[in-house]
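Naming follows writing order (A, B, C and D), and every chain is counted from residue 1.
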Amino acid sequence: MNNELFGFEINVWFDALARVGIIVGFMTVTVMALIYIERKILARFQMRLGPTRTGPRGTLQSVADALKLVGKEDLRPRMADPWTFELAPYVVFVPIFLGFVILPFLLDWHVRILELGLLYFVAVSSVNIVGWVMAGWGSDNRYAMIGGLRAAAQGISYELPLVLALLAAAMLAGSLNLNTIVVAQAHIPYIVWQPLAFFIFFVAALAEMNRPPFDIPVGESEVVGGPFVEYSGIRWSMFFLAEYAALFILALIGASVFLGGWAWPLGEELGRWWQLVLVSAKAGGLIFLVFWVRASVPRLRIDQLMSYSWKVLLPLTFVQIVVNGAVLVYDWPDVVLLATGVVGLGFLFWVTDRAVRRPRPRPALVAQSEAAR
Amino acid sequence: MAMPRLPDQEFETQDIMINMGPQHPSTHGVFRMVLTVDGEVVRDVVPYVGYMHRGAEKLCETMDYRQGIGYMDRTEYLANFNAELSYVMAVEQLMDIQVPERAQWIRMILCELNRISSHFMFTGAFGTDVGVFGTAFTYSFIQREIVQDLFEEITGDRLMYAYFRPGGLAWEVTDNFVERVREVLTQVKQGLKDVDGLMTANEIFIARTRGVGTISTEDAIDYGMSGPALRASGVDLDIRKTEPYLYYDQVDFDVPVGEHGDVYDRFLLRVEEIRQSIRIVEQCLERLRPGPILPERMPRMLRTPPGEVYIRTEAPRGEYGIYLVSKGGNRPYRLKIRSAGLSNLQALKEMTVGQYVADAVVILGSIDIVLCEVDR
Amino acid sequence: MRGIAKSLLTTLSTFTRRPVTREYPDVHRPIPQRDRAFPLLLWDTEIDEPFCTGCHACERACPVECMTVLMKDNPNHTSQGGSSSRRKIIDKFWIDYARCMRCNICVEVCNFDAIAMNNTWQGHELSVYDRSDLVMDLQQLLAQHRAGDIKEWVAQ
Amino acid sequence: MTTDETQPARATGRGGAQPASPPPPPSFDDTIWPVVDRALAGVTATPERGSLDLIVHVPRDEVVAALRALKRHADLGFDYLRSLTAVDNEDEGIDVVYHLYSTAKRLNLTVKATLPNNDLRIETATGVWRAANWLERETAEMFGVTFAGHPDPRTLLLPEDMTDTFPLRKDHPLAEIEVLQGEGMGYTAEGQ
């Protein structure tokens, strides 16, 4: 029972261990880099410089932060539920890391290629909601509890549009294997045929990662960090690690499923380094977009968030899936896909506009309209 | 905005109390409110103030008129010039001092610039309250810094100016004052464009603020609200227009008035007030002539005859009043500071109950309180 | 969505602008001449003694009572065979910088232009570990002007 | 100096330099006193000329009735309570001062009620304006005035248990500022 890793034949168990080690090491470094990059980019959006003083141009800032966090005392409030409180970070952290298993960096650079890769990913990544609720409940803090419950509501609500939007793309590829999906986009990426699904995926991914404008569970100005208000030191850093790992994973999934991954536009015949550059550029673009949105938009409110998911995004993904099915079954031209996407996007924007520009009640009439509602 | 409640027999729900503050990122200082929430909906608010009470009124009663000026800065640290103005105007009124024209124009310029910087503080802090990650804050603070640099060049201090004196000004402004103010105005206009572009039209921002925290005209008057918080409810009450002081009757400006009395109106109104302030400053600069900045016969010791006066001016947060009672001598017998924030804060409960927890923060931000002014 | 697009464009436009940050401990912003840090005493270089005569005017005018002044007969007075026209001169002077509220009143009431507000960075960078280190005595108050490190600015 | 209805209550452009002409003793006809007098028909009110606004002295038992009448009167409509405070006149008792404003007619009025030192009770004005709520709480804790019928008689700015002393009264001592400088004084000596 031997496997091949970097050209060496090794025992399956050693292979597995080595792969886990590589992932964890790679992930930690990536997260540190992401945090540094985010701070620099956000700073530039705000006409600041960002970290400058730790290392050349502040590059060691994340390392310094990590060292500080590791060195901090691991506090637990006296009234907190010990098991829930202390296990919660792992429950948040481990599922996110499990998501790494299926990432298709390149055709042959991956941990494992699973035939049901996409399904595996959505199944595993949704477990971390449990961790959020555990953290919120176990902290014995009302801010944390509100935050935890918000996280649960938000996580479950946006899991559906996220999964369905991915499913819409997977339908076209006819497979849940991520590599097959990437190869299927060698000529035209799915963002062209499925702009609506891509938009919904992006929005839902923002919500899944608790990123602005959907950082409601951790909203600094409302619930002061939400579920992790009581955490400190290494446990707190695990939440943080999980958040940025999720960002990285979702960016790669988005790049693979909608932007053609390593295959588009240069095809498979190019060298693997070029392919890697392609993947990184696409994922990096998505990550930049996430940072850009973070710098630009306010936070939604929990009721607006929920109704946006259930009343707008979810029905539209169903429409997209039905149209996709019709195209596949009845062999309609591909243009129908594009048309649906564009019309759907237009409808989505129109609905959003209408929702916020509803006429306001005059103040004297507030009481009456409240009663009428 | 109320969430439909489930029938009681199906679910047993329990209201929980959340203690927001005194240390909380969005209570704008040491303010505490105890929220009783039913899920996400606020059922009751009990505000607690007083953490910053330093007895400024009592302190001023023990100090002569010149020494009191510095304490006015410390009661209203975002609109110091406006606070100083009320105080020195009260002393002037009692002493019957004629203030030279140039000093009045300079006061007006500085007060309006101070209004601009104070409103920028609002846009920044409010942006953070609704959840823009720091961008609104830095945009606004860059503008504040620009204005404060100017103030530092003139008065020597960035925050506690202590520049107005009964009778005029402490010293002459810098030689390049007019050019510098114009420069500042150009930059402020650009900054206003940034803040405006970032927030005003943003759908999420609108969704978070429109129709939130409404207060009706009658309630707003009844609670004694003032300033932009009152005008957003449709009351055309700006002391600069209704009881003009300085030379506000000689310049041309509009008082923006809201219609719905909600948070969005309050925000728009303040942004518009920045524009109007720029207009006022530009007119003042044209009218500014060389001249003395203190009256010719100025007593060396400030002594007031017995009497009392209630001076009110339109500070950025509303009516900043000074009730000064003198029984002769060189110090106030009683000095009462009418703080706009205290009265505006009273209406918090009226605005917040029935809204969401997240809205409570936004509503508090929209009142734009300065706790030092509330507690004095 | 147009509004969000506008927000995104606004942030993008500031993304391309130069950052406004001044890296403070490395880069010191030039501070204006009128800057008011903390009061310090001035040194009369012609006669080589402080301007201050210890008249207590500033001490009495200080709203926060942060000053303590003691005067003495000037040993350098012309009647004693010296070169100074000051009959009395400052003996001991303390200013508690931790209490000072930098209102400039002491400068305004001084009849001898003997006190001025520090308008250099030295007057701002005063971090100490013990509050009692912020109680400045006469030598510390005079040192900066005596060394010529300051161009004082007194109104009118 | 308060003028009639259409005029702003202050002369403009003089920046607080209104010459306070010595009042010819009885006549208040150039002020809003005639209207106020009519509004306060059942109340024994005496006018006084203030530096800016007309001051009306009202006996403390009738003050809330007077305020309500002032608010309801059609020609006055003092619907806005600017400020409510008190002045400790030591031996002459404590004055409770109301600054009123009419948003519709743009009028100002100061109402004063004197409380004797041995009985610092006055009826609450919270029923007239809700704005009076916090202002009365503040006045109560600072001066020891009891506002009878106040809906929420807690302290506002002071600690909950600080109800035995009233800081803004003239007999309340100021804390001594301990002198920390100098040789042998304060902690300079013991610290070093």
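Assume a contact is a pair of C-beta atoms (placed from the backbone, for glycine too) under 8 Å apart; a residue touches a chain by one contact, two chains touch by 3 or more.
These numbers were taken from a predicted model, which means no experiment stands behind them.
Identification of common neighbours of chain A and chain C yields B. Averaging Cα coordinates per chain and for the whole protein, the chain whose average falls nearest the overall one is B. If you compare B-C with A-B, the chain pair joined by more contacting C-beta pairs is A-B. If each chain is reduced to the centroid of its CA atoms, chain A and chain D end up 60 Å from each other. Inter-chain spacing, taken between the CA centroids of chain A and chain B, is 42 Å. In terms of their C-alpha centroids, the spacing between chain B and chain C amounts to 30 Å. Within chain C, the positions touching two or more other chains are listed as 1-2, 4, 7, 10-11, 14, 20. Multi-chain contact residues of chain B (touching two or more other chains) are listed as 135, 139, 142, 198-199, 202-206. Every residue of chain A that touches chain B in the complex is listed here, in rising order: 42, 45-48, 142-143, 145-146, 150, 212-213, 215-216, 219-224, 294-304, 352-353, 355-358, 360-364, 366, 370, 373. Across the complex, chain C meets chain A through its residues 1-2, 4, 7-8, 10-12, 14-15, 17-21, 23. Chain B makes touch with chain C in their complex at residues 63, 66-71, 74, 135, 139, 142, 145, 152-157, 160, 162, 170-172, 174, 194, 197-206.
Of all residues in chain A, those touching chain C in their complex are 43-49, 52, 292-293, 295-297, 349, 352-353. Chain C contributes residues 1-4, 6-7, 9-11, 13-14, 20, 31-32, 34-36, 61, 63, 101-105, 108, 117, 119, 153, 155-156 to its touches with chain B in the complex.
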